[in-house]
Structures are given as C-alpha cells and as structure tokens.
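Both complexes below contain chain A, partnered by chain B and then by chain C.
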Partner chain A sequence: MRFDTVIIGGGLAGLTTGISLREAGCSTAIVSTGQNALHFFSGCFESLQEPPQRMLDLFAGAGVPLHFEEGVRLMPLGTFRPAALALEDIDLLPEPRFADKVLVVGIAGFQDFFPGFLCDGLEKAGMKCRSVQLELPELEKLRVSPSEMRSVQVARTLDRIWGKVLRETKRLLMDEDAVVLPQVFGLQDASVPDFIRRGLPVRVVFAGTLPPSVPGIRTQMLLKRRYEELGGTFLAGDEVVSAQVFGDEVLSVATRNLGSHCLEAGSFLLASGAYFSKGLKASPLDITEPVFGLDVEHAADRGAWYDPDFNADQPYLRFGVRTDASLRALRAGRPLANLYAAGSVLGATRPEFGTGAGLAVRSAFAAVDEILRRCAPQDDK
Partner chain B sequence: MMMKMQENTVSPHNFEECMKCTVCTVYCPVLQVNPLYPGPKQAGPDGERLRLKDPEYFNYALKYCMNCKRCEVACPSGVGVADLIQSARIRYDRTPPKLRDVILASTDLMGSVARPFAPVVNAVTGLGVAKAVMDGMLKIDHRRTFPKYSGQGFEAWLRRRKKEQAAFPEQVAYFHGCYVNYNYPQLGKDLVKVLNALGVGVQLLDKEKCCGIALISNRMTKQATKHARHNMAVLRKAAVDRGLTVVTTSSSCTMTLRNEYPELLGVDNAEVRDAVTIATRFVFEKLEQGAKLHFKAGYHKKVAYHVPCHMERLGWGVFSEKLLRMIPGVEFTLLDSACCGIAGTYGFKKENYETSQAVGEVLFNRIRAANPEVVACDCETCKWQIEMSTGYTVMNPISILAEAIE
Partner chain C sequence: MNTEEFDVIIIGGGITGAGTQRDCAMRGLRTLLIERSDIATGATGRNHGLLHSGARYAVNDPESAAECIRENKILRQIAAQCIEPTDGLFITLPEDDLGYQKTFVEACRRAGIGAEIIDPGLARQLEPSVNPDLTGAVRVPDGSVDPFRLCTANMLDAKLHGGQVRLQTEVTGFIREGDTIRGVHTRNVRTGREEDFYAPVTVNACGIWGQRIARLAGVEIGMFPSKGALLIFAHRINNMVINRCRKPANADILVPGDTVCVIGTTSTRIPFEECDRVAVTPDEVDLLISEGAKLSPALSSTRILRAYAGVRPLVSADDDPSGRNISRGIVCLDHDGRDGLKGFITITGGKLMTYRLMAEMATDAVCRKLGVDKRCATATTPLPALVEETAGKGALICECENVTAGKVDQAIDRLEVSTLTDLRRRTRVGMGTCQGGLCACRAADHLAQANGCVERERADLADFMQERWKGNFPIGWGDMLREAEYTQWVYKHVLGL
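And then the complex of A and B:
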C-alpha cells in the first residue's frame, strides 16, 4: 500500500500531523501501537507563548475548542501550576485564590478523586473549604466491581444524568462562591462541562482524577474521528517492526499485522512516543530507537540517567532521538532524507512543566511544514 | 546476570508487560454495560497474578468476556489481555459445558444434521413455540433470529465445478467455514465469481473442519484442539505441499486459524500462518499488482463498512475498506469502530441477551445515522446481529464486489 506519508504513532503528535496533512490533500496512514498518552492527558498544553492560530483551528475543527489565558490551574491534589493553553473544561485561573469559600464535591464510591487533599491545598491558598459526597444510586451498579469504578465508567453514567448532579450540587451549596468537581463529565459530549458551569450560580472548577483522563480520552476520540472523516487511514493496534532504507531514503515500513504487505511512502513521521509507548527502549546498558536504529541522545553512563530523588528533574526524560534543524532524524550522525520525528520521542519533555502536549503539537506542525515543502500532495482518491 | 534475566524474561501472552495503565478498561464493551464482569484488567493480567499463586482465585465471571480482543488492540504494551482471560477459562474452569453450549458450539455437526432438512428446520426455528421451548429448556434466548440453513451445501456446488475451476492459470484454496457451507453458500459463489474474474480458480481444501472458535469460547477445548490439528494438516497439504494461498471470507475463522491456534490451543501454525489470508486482502493485492476488474456501468450503492472486532484485531479492515472505496459507484462511509455485541454464540445465550443488545446499541445508532443501503462487514455473526437489530441488510465486501462487476 502506498501513501504520501506514513505516520508511526497515533497519539497527539501523530493525529495532529495526520489531520494537517489530510487537510492539505495528502494521503496518509497512521500506525498506532495501542492507545497513547492522551489517556493520561491533563488537558493542558502549558504553552507559555500565544498559540498559533492553526493549532486553535485544527482542534476546533475536530470539536475540541481550546482557550488561552496565562495563569494557573488546579492540580488533582490541591496544588497549582502555571498554565496558559488548555481544553475548554480545564480552568485557567488568574491566581490560585479563585474564591473565598469553596465546596469540593466528591462522588460516593469513586476513589480516584481526592476531596481531602484538595481542601488542604485550597485552604493553604487562602480559601475556606468544605467537602461533600454525592450519593448517586445510578452509580451503585458500578460498585459491584469496586476496582472498575474508574473515571471513565463514572463518566459514562454521568453523561446521562449530569442534570441530576447539577441539581444535587445546587442543593448542597450554602454560602460558597465556588464549586470544585472531578473531571468526569462529557466523555462523549464535550459540551457537558459547560452546561454544568452555566447551570450553577457560582464559579465551577474541574479538578483532575487518577487516570484514565476523561478530557484526554474525549480529545483522542474526537481527533481520531476527525482524521478518519477526512479519509485518513488509521491502523489501530498494529506496530511497525522494521524499515527498508536505501541510502539515506526510507522506502517502506513493515508492520506486525500486515506482514509482507509493506507500507510505502514518500515521507515518514516518527511520532512513536517515549518509553511507555516503546518509541524509546531502555535496556540495562543502552537507550535505543527500535524501528530505524536512530541516534539517541543520552548519557553514556547509566548512573547519570536518573536522579535518586524521585521528585528531581530526571535526566532520562530528556533523552531522545537526534534530529537536524528541520526535524529529520539522524542515523549514524547523518539525517535520513525523508524521516521526520515529532512528539515525545524527541525527548525534550520536561514533566515538571508538563510540556509534553505542547511539544507534541508544535513539533508536529514543524514536521508538517517540512513534509509539505518536500513533496506537494498528489491527488488522492 | 540480573540484567540478562530482565532482558530475556518472556511471559505467556506478554503478561509481565502490563503496566496497570487501565487503558484496556476504557475499550471493553462488556464492562460498559455489565457490572458483573470484572473488566479486562482485573480478569486478565491482575487476575493472572493471583491465579498463578492459587487457582482458587479463578473467577467464574470471566465467562462474560466476549473475546472481542478490543482490549488487545487498545493495549499500549502489547499484552494479550483477551488471550490471558480465555486461557484462564480453559485452564481453570472445570465445570462441564452445558448441553446448550455444546449445541451452539458444534456448528459443523449441527450444520450437517440440519442441512438436509433445511426447509423444515428453518420453518421450525422460526416458530414461536419452538423458540419458547429452546428458551425454556436450553436457555437460548427466544428473541434471537436463527440463521437459516441452506438446502445445498457450498462444497457440493464447488465440487461439481472442479474441472472448470482447475482450468484457471492461478489457483487458490478456500477455507469457506461452516457458515458458507451450511447457511449461506451465496458468499462462496460470490468469491468464486470475483476470483475467476481475476483469472484465479478456487479449490476446496481436503475436508476442512470448523475452525473451532465456538468450541474454544464454550470450553470444548479437546474438540477444538482436534479440529485445529486436523485443519493444520489440511492447510499444510495446500499451503506447504502445493504452495497455494488459502483464502477465507470470515474474519473470525481467519483470526482463529492465524492467532488462536498457537495462542490458546498451543497448536503450532508457523508453517501455514502467512499463507492464510482473507479474500479482500488477496483481491486488493491483486489489483495493486495491476490486475483489472470490469465494473458494471451505472452501479450505485451507499455502503457503510463495519470493521468486525476480529478483523480489527487482525489489523486488516484497511483492505476491505480500500477495496470498497475502489468500486466505482460506491458511496462509502467508515463506521466508527464498535462491537455489535453478538460475539458468536455469546449473544444466543439467554443470560447474555441483554448485554449483547446493549453493547451493540452504539453501533446500531451509528448505522441508523449513516442510513446506508447496505452495511458491509466480513463477519457472519455480526451480519445476523445487525440485520436482526437494525433491519439493515448486511453484505460481505466480496458480495458487494461480485455484484458490482460484469
């Protein structure tokens, strides 16, 4: 099978590239080895600069509106972090003290959300706090398998009865001027969080839960749907196992499911993620990129890969595939002419700033520009 | 040495690769509607950890798994989640299969008994009284529509055309499966028409048996393994001795021959695995290599393609999709991937009927929204489920192709 571009990786960087190239009229295939980091997405891009208009347009086109406002966001355990660009249901606050009195609303039986920690954090930031639990009989059946009462399961039920959550919250509200609710709304319908905001007489802030991330999964589903509606090919649950390279040109890649049926393309994008997605592989003595054997920037001494202090800035998170200035990946010190890299395989992620999502989108756009410069799209049927 | 050990540790179904990320639980269709099911993470790798310590931890609720494999498609770490669950059922569930399960699972035995009396059997299984009896005595849900049996089997039909087929310059063997032979020979005839148009003759295998997927899911493991060994011998004769490609028209048979034999039954298929391919992939590759089909002028059909779960697991939906898109006059919609809920014999069981229909509702709504003339799909049990539940006609992509060519 032949495409203009084959994209390795179906996460944020892969989907951004896929949608952009489809919109430009290129034929594309995405090979996705299972699901991706969007399932753990905070909903925040943490971009410290004004986002490019094309980014806002691309997300809006997929039904994922973003908003930009420099400030802070509330973290799941009641701390605050600088933030500027986020999904619409993630609140960007001008300062941590966003109210005088806050009502933190938990859900009975749902243990992946922490009203106690949240209250502590909010009080530290100078707010008065009270926490309550909603008893929702509709969720009782989920409690049959307590281990399965996760954010997504709760969200599936609440998508049907969010009106009731609204009424119950209103009833519990006393003199508070803000409400904190878990991010378990609008798995299928992105407009639910906004309905809740507009339905309550006070400020509503949504706080993160343990994974999986409901806003993240919604984003993944909508971006993938948009990509497929544009006619892009998405190979789910497949894995690129090898590449055929001639000189400095990648000719095709082979996948586990397609076997001898190789995917040929004019250009390739490596957006295969870092360690979790196996875009980078750490073995006891080396860090490698498994598909092309690309050069990976990393400390030679294993002892320098990590800091024993868990909370410290971990060096291994900055290891990644080497590229030239136009994001072409390097192998044995030389760029491959038609292989670009984007997203966390580049290893420029700094989790303490949460820059993974911003890096994914920005590097994807840079790669798209390079790919389009290299080859004008052919007519795709 | 520690480092070597770490590097060389390989666990069955990649069990130890599980990072407990919970992604599989997001995509399990059963978990979304049936709280009695512990979910793929708990039933699969989490439960396996306990079962390895003590088989007493085996949970009978694992029977609610439909083996749709969506957890495996979603898993970022390559864990064979559904394989772990099915293997556990095979290994630890010692209760004998019920009579009902034996009847449902023995698709080829039932086919060869029922087929000679097809008109009578079809009339009876359509009757309210018979359905009430089956529901009451066997716990086969009375709300199900039963697949019809065909009076003439596909094997007999093709055997009569042996000479004519042998005249084609290129030959393939066809693993038709129970459905084409006993219920719907037309699909086999459509395949013959398409392949003949490409200059390819179609041969029967030397007495194939049911692939055994229903035997596996109903824990008739011994019989399933017997079928697998028999089929391996038959496939070897065609693929290794004669160098033939073996084409199929059912995504579930294909997945069973290629994946389930080694993963669940421990029957090695390495010699023939690459030779077994689904017809849409075979035809797509022929056309890609320059073969030509002559399409009817003025053909028009609005088609919505549903990727069956096992086709999704094979990763081959793309071939059916591209093939359908190639047909002049086909107005194509790709349905957002979702399980139809039938899962072979699963949905026929009284205790699963509600789950089965609730799972399918997402897909049914997408079909209604697309409102096509036909739904295209490579799986026979999806066909029964979608036709019964939505009223839309379902056709195998090969049948659509056969209809569109001269």
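And then the complex of A and C:
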C-alpha cells in the first residue's frame, strides 16, 4: 500500500496533519493504537496565546467549535487557571467571581467529580455556594459494577436523558444565579452543552472530571470523522512495529496488523506521543524512540531525569526526539530526508511550538507546510 | 489533671508499641500509646512483610532463629487474617557452594525449624518462577505477613481493652521527680497543643528513634541505624518466598504478598540524621534488580511499583561496619537496674516477626514494676478481624487495590485517619499500579467531607502525591514513567491541584 504520507499516531497532532494534508489533496494513512492524549484533554489549548486562523477553520470544519477569550477557567479541584483558547464546553471567565450564588450539581454515585473542592474554591472567590446530588435511576445499572461509574459511561447514558437532568436542575434552583455541572454531556453531540446552557435561566459553567475526558473523546471522534469524510485512511488499533530505511530515506513502515503488507510513502510523520503513548521509551539505561531509533535528547545520567519535588517541572518531560529546522527527525546526528516529527514526541526540544495541545497543533501545521513544500501532492484517484 | 490516669505510657506506634499496648491492656492495665506521626510509619511499614521461618538466621544467630520459628507458629494461630502461609525455598545457584546446604539444614533442625531438602526439579514444579538453573533447594515454613494489617489489628484490640491512643503527638520531654520518670510532656504536631500525661511506667518502643527518646530521658543507648532498601513489583510472580541458601547477603529474599512481590534488602550504616529521610539510590535499585533476577529471572522484565527503605533498630554490639553480623535479637532494658532511672523501660532490637515476644517481655517488665501478677495471654488469643462494612457503599475508590467507598469511610470513622497517607496504611488506597493517580483525589473528597476542611485536604492531597512520587522516581522508567507522566498531566493540567 502506498500513500503520499503515512502518519504514525492518531492524536491531536496526527489528526491535524491528516486533515490538513487531505484538504491539500494528499493521500494519507494514519496508524493509531487507539488511546491518545485527547482522552485526557483538559479542553484548553494551554500554550496557544493567539489561535492561528487555519486552526479555527480546521476545527470548525470538523464540527468542533472553539472560542477565544483571555480569562480564567474553573478547574475540577476548585482552583482557577489562566486560559485563552478552549473547546466551547470550557467556560472562559473574565474573572473567577462569575456569579453571586452558585448551585453545584453532582450525580449520586459518581466519584470522579468533586463538589466539595469546587464549593470551597468558589467560596474563596467570593461566591455563595450550595451543592446537590442528582439521583438518576437510569444510572442504576452502571452502579451494579462499581468500576462502570466513570465519566464516559455516565455520559453515554446522559446522552439519552440530558433533558431530564436539565429539568431536575431547573427544579432544584433556588435563588442561585449560576449552576456548575460536570463535563459529562454531549459525548456524541457537541451541541448538547450549548442546549443545556440555553435551557437554564442562569449562567452554566461546566467543570471537569477525572479522565477520561468527555469533551476530549468527543473532539477525537469528530476530528477522526472529519478526516475519514475527507477520504483519509485510518488504521485503528494498529501499531507501527518497524521501519525500512535506505540511506537517509524512510521507504516503508510495517504494522502489527498488516504484517508483510508494508505502508510505503513519500513522507512520514511521527506523532506517536511521549511516554504514556509509547512514542518515547525509557529503560533504566536509556531513553529511546522505538520505531526508527531516532536521536532522543536526554540526560545521560538517570539521576538527572527526575526532580524529587512532584510539583517541579520534571526534566524527563522535556526530553524528546531531535529535529532539524524543518522538523525532520535526526538519526545518528543526521536528518532523515522524509521523516518529520510533531506533537509531544518532541518533548520541549522545540520550545517555539509551546507545550501540550498547543505544541501538537502548531508543530503539526509546521510539519504540514514542510511536507507540502517537499512534495507537491499527487493525484490519488 | 492527668495524674495517674494511666498505668503505663507507651511511646511509639509501630508494631512493637502496638503489641505492647495490646499486651498491657489485656493484662488489665490502663494504657496510653503516643505516636508522633501515624501507626506503622517506621520500620514496621518498611520491610519485606516476611513471616520468617527463622531459617535465614539458623547458621549465624541460632537464638534469633529459634525465636522466629516459635513466633511464626504463634502468629499463624493468632493473626491468620494477616498471614499467607506460602512456605519458602532456600535455593542454591551454580555459583553458590552446595556444601553450605548441609550446614544450613542441620542448623535449622537444631533451631526447631522444619527444613526439607527437595529435588531442584520439584522446586521448579512448586515454584515455576524460580531460577531454573538452581542446583539445590530446601523447603522451609516461611510465609508473608501484612504489617499494616497486623499493626492495625493490635491497635484495635488494645482499644477494645480500653487502651487510648494519641497519634500525631510528639513527646517533647519527660516529667521527672528525682530518679523517677512520672510522665511525659507532649505536643500535637498538627495543632501545637501541649499536654502532660502521667503514669508510673513509660515504655520506649520507638525503634531506631528510641535512642533519641532515651536521651530525652537522660539515658544512653548505643544504637546502630542500618538502612535496608527494597523494591516492590506490580505483579506477584512467585507463590513461595525465595531465598538464597548461603550466608545472608544483599537482595536475596523475594517475598510474595497480596498481588505484588518484594525484593530486598540492602544493609548500609547511615548517620542518625538520615533516619527521618532515607532515600533509595540508583545504585541500590540496580543491585536489587540484578540480584533479584538471580532468584527469579522474570523480575528483570517485571514492572516495578516503588522503591522504599527502612531503618533497622539494631543495638550496636561490636564494630562490624555492615551491621549484618549483629544479632537481630531483642533488647529489653530496665533503666532502673542499668542506669538508676526508675519508671522507664526500653524495648528495641528484634524484628517484625518477634514483635509479640518483645511486647511480652516489655509487658512482663512493666508488670514487675507495678507489682501486677498477670500472665501474658497474647500467644493464645487471636487478634480481632476488621469486617468491612460496605452496605450501599460499594463504589470503588481505588480500582487497583479494590478499596470501596465503604471501606474508606469505615477507616475514617474508626481507625484514626487524618491524612491520605494514614488512610493508605489502613486501606491500601494508592498502593496499586496507579500509585494514587486515580484514587487519591476520590479519597481526598471523602476525607474533606469527614473533616469538614477542604483547604487542609488540598494540602494533604499535594503531600500525598509528593509521598507517592518519592517512591516512584527511583524506578522511573518503562510503565512506571508512563504512569508518572499521566499523573503529572492529570494533577497539574486537568485537575488543577
């Protein structure tokens, strides 16, 4: 199988690249192991001060509306953090005190939302607070198995009965002028949070839960749907296991499911994530990139990988694959001519792209430009 | 105000203190246990969790070996809920002298330890994870013991017999009249509240910190802090304890326990100032893995959960710099005869295994001083079991260790929990593969509700994550680092701690 570009990784960086290249008419394949950082997405693009127009267009095209407004967001443990660009479910507040009296609505039996912490934080910010628990018999069968009462399972049920939650919340409202609800709405449909906002007579703020992140999973599904609607190939549940390299050219990669049917391409993008996603692999002696054996910038001494202070910036999170000015990955000090890297596999080696979701999107767009510059798209019909 | 409220004050909330309080309370004494932090925070919670058969000491320290096997048999009867009778193997590897096996087995028999030489093929069958290159094997009645559960059960039984406990309470000085200790000055480390307690006898059961307490009372004990580092693995790869059949050395015991296994230990003399902040070095980690893999090759590819270290409370006897040849024997000092100080007893040395015997010796000494003539019954009276009440609270807080909301709330209600770390020691919350990544904030929510103070809980949650990280970063690679990256992300960027 031959494509213009093969993308390793189906997270934010991989999907951004895939959609952009499809829109430019390139043939593409994405190889995705399944889970990626979008499943733990806070909903906020932390390191992006100013959203590039092409990013807003891309997300809008996928049905993922973003909004931009400098302010703060309410964190699940009741603290506030600066925020500017976020998914529409994440409220960007001009200041922490967004109301006089707030009703925090939890769901009975759902342990991954923290009304106690939220009320404390809101009260510290000068608001009066009351918290209630919704008893939803529809969730009873989830409760039978205690481990099923997680955000995504709750969201799946609430996708059917969110109207009822709306009515119940309205009934419980006394003199409050704002409601805080958990981010467990609209797993399949991005418009549900907005329906809830418009259905309540007071301000609605959604606060996060423990992962998995419902807005993050929805974003991943919508971006993937958009990519596939554009005709991109998405190999889900597969994993690149090895690469064939000749001189400084990557010829093909082999995946676990395709066996001897290698994926050939003119260019390759490595968007395989950091440690959690196995884009980087740490052993007691070394930190490596497992597919191509690329150069990984890291401290040689294991003792220097960590800061004993949990709260400090951890050195190991800065380590990443080395690249040249055009984001081509280096192996034994020399760039591979047609292998680009984007997203958190870069660690903090390219600080100009930022961190987290911002790094994923910005480095992906930069890689797209390099890939398009290198080879004009061929007609894939 | 508190004059003569108690017959005996016990300082130290490890297994020795808890056991001594239970024994004293069972003999009808009015007891108070004072602990500066939480139960089982010292060596009690920082060892292999090995129910020694005594075989390890049979050749070099027959006295300790005999103590071990006697206590081994007793604990199986009185603390069955804390023990897994797994049996153990002492294996000989090609590089070891097979001749030692004979010396070893004879010494075991002299100490009363059932030691049976078995065919290496049978050993491989009994324990498939054992190094297949073994040239000899001896089967002994080793087992594993959960020290947290054991300590909790002792504390609970002491309470049932009227005992009182003050955790988070530091002894700041002794109330002394002439040559007699009458009581203690204390200070609550959380609230700063100072309080005096009086009793005709005080027992120093502070492990390695006993030297400091003795000094506070004006007497000297020469103690010998010996650090032992251990690694805990995320899977239970062995069903039997695996030991090396040779003179005791580093990293030659692999103990299974619940769903995990533990390799240890090392033995390094450390200065006293380091006892409160022992850390495991990269060299120790590497040594534990490479030596451990000789017992069971699968260790080298098994995920490690944590690195930790404890400090053995050895009483120095000679100039051996490693501390290995010092007796693990029990030291019970009546400071009246020794130093002319009345009303003060030190119980130290010993092992987790012999805590009950240590408690008996200390309690006998207390009773002698008080003129109480009552016999010890702890060898025949089973410890109480803590029955989990989960009615309507089956939701899981901690998936890794299967801890329900009911169990968490019960511990908060009944077992003196003020922090997440306290809760962990009593319920195992945060001790599994996620190392608190998922369960810590859920448990924090329950604690905040129980204590009515979210602000304090926020700080407690931060402390708990720091404490988890302390045991994780020394083994930060592979899946552990993946988990750590996830936890960093969740706590810093998603939850906003």
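Simple rule for what comes next: the second predicted complex is superposed on the first by the 372 of 381 C-alpha atoms of A that agree within 3 Å, B and C clash if a C-alpha of one lies under 4 Å from a C-alpha of the other, contacts with A are read in each partner's own complex, and residues count from 1 in each chain.
The rule is short, and it goes like this: a residue touches a chain if its C-beta (ideal position, glycine included) is under 8 Å from a C-beta of that chain, and two chains touch if they have at least 3 such contacts.
These numbers were taken from a predicted model, which means no experiment stands behind them.
Contacts of A:325 after superposition on the shared chain: neither chain B nor chain C is touched. Within the superposed three-chain model, A:76 lies in touch with chain C and out of touch with chain B [touch as defined at top]. With both structures placed on the common chain, the touch criterion links A:274 to chain C but leaves chain B unconnected. Contact with chain B, but none with chain C, is seen for A:153 once the two complexes are overlaid on the shared chain. By the touch criterion defined above, A:35 lies against chain B but remains apart from chain C after alignment on the C-alpha atoms of chain A.
By the touch criterion defined above, A:225 lies against chain B but remains apart from chain C after alignment on the C-alpha atoms of chain A. Of the two partner chains placed by superposition, only chain B is touched by A:258; chain C is not.
Once the two complexes are overlaid on the shared chain, A:300 sits clear of chain B and of chain C alike. Contact with chain B, but none with chain C, is seen for A:236 once the two complexes are overlaid on the shared chain.
Residues 40, 143, 147, 211, 276, 278, 283-284 of chain A touch chain B in one complex and chain C in the other. If you check the complex, the residues on chain C that touch chain A are 282, 285-286, 289, 394-397, 399, 404-405, 438, 441-442, 444-445, 448-449, 454-455, 457-458, 461-462, 465-466, 468-470, 473, 476-478, 481-486, 488-490, 492-497. Interface residues of chain B, counted against chain A in their complex, comprise 3, 6-7, 19, 21-23, 25-27, 31-32, 35-39, 41-42, 46, 72-78, 274, 281, 285, 288, 312-316, 318, 321-322, 325, 334, 336-337.
The residues of chain A lying in touch with chain B in their complex are 1, 29, 33-36, 39-40, 141-145, 147-148, 150, 152-153, 156, 211-212, 217, 225, 228, 233, 235-239, 255-261, 276-278, 283-285, 381. Listing the residues of chain A that touch chain C in their complex gives 37, 40, 42, 46, 75-81, 109, 111-112, 114, 116-117, 119-120, 143, 146-147, 149, 208, 210-211, 213, 274-276, 278, 281-284, 302-303, 305-306, 308-311, 314, 316-317, 356.
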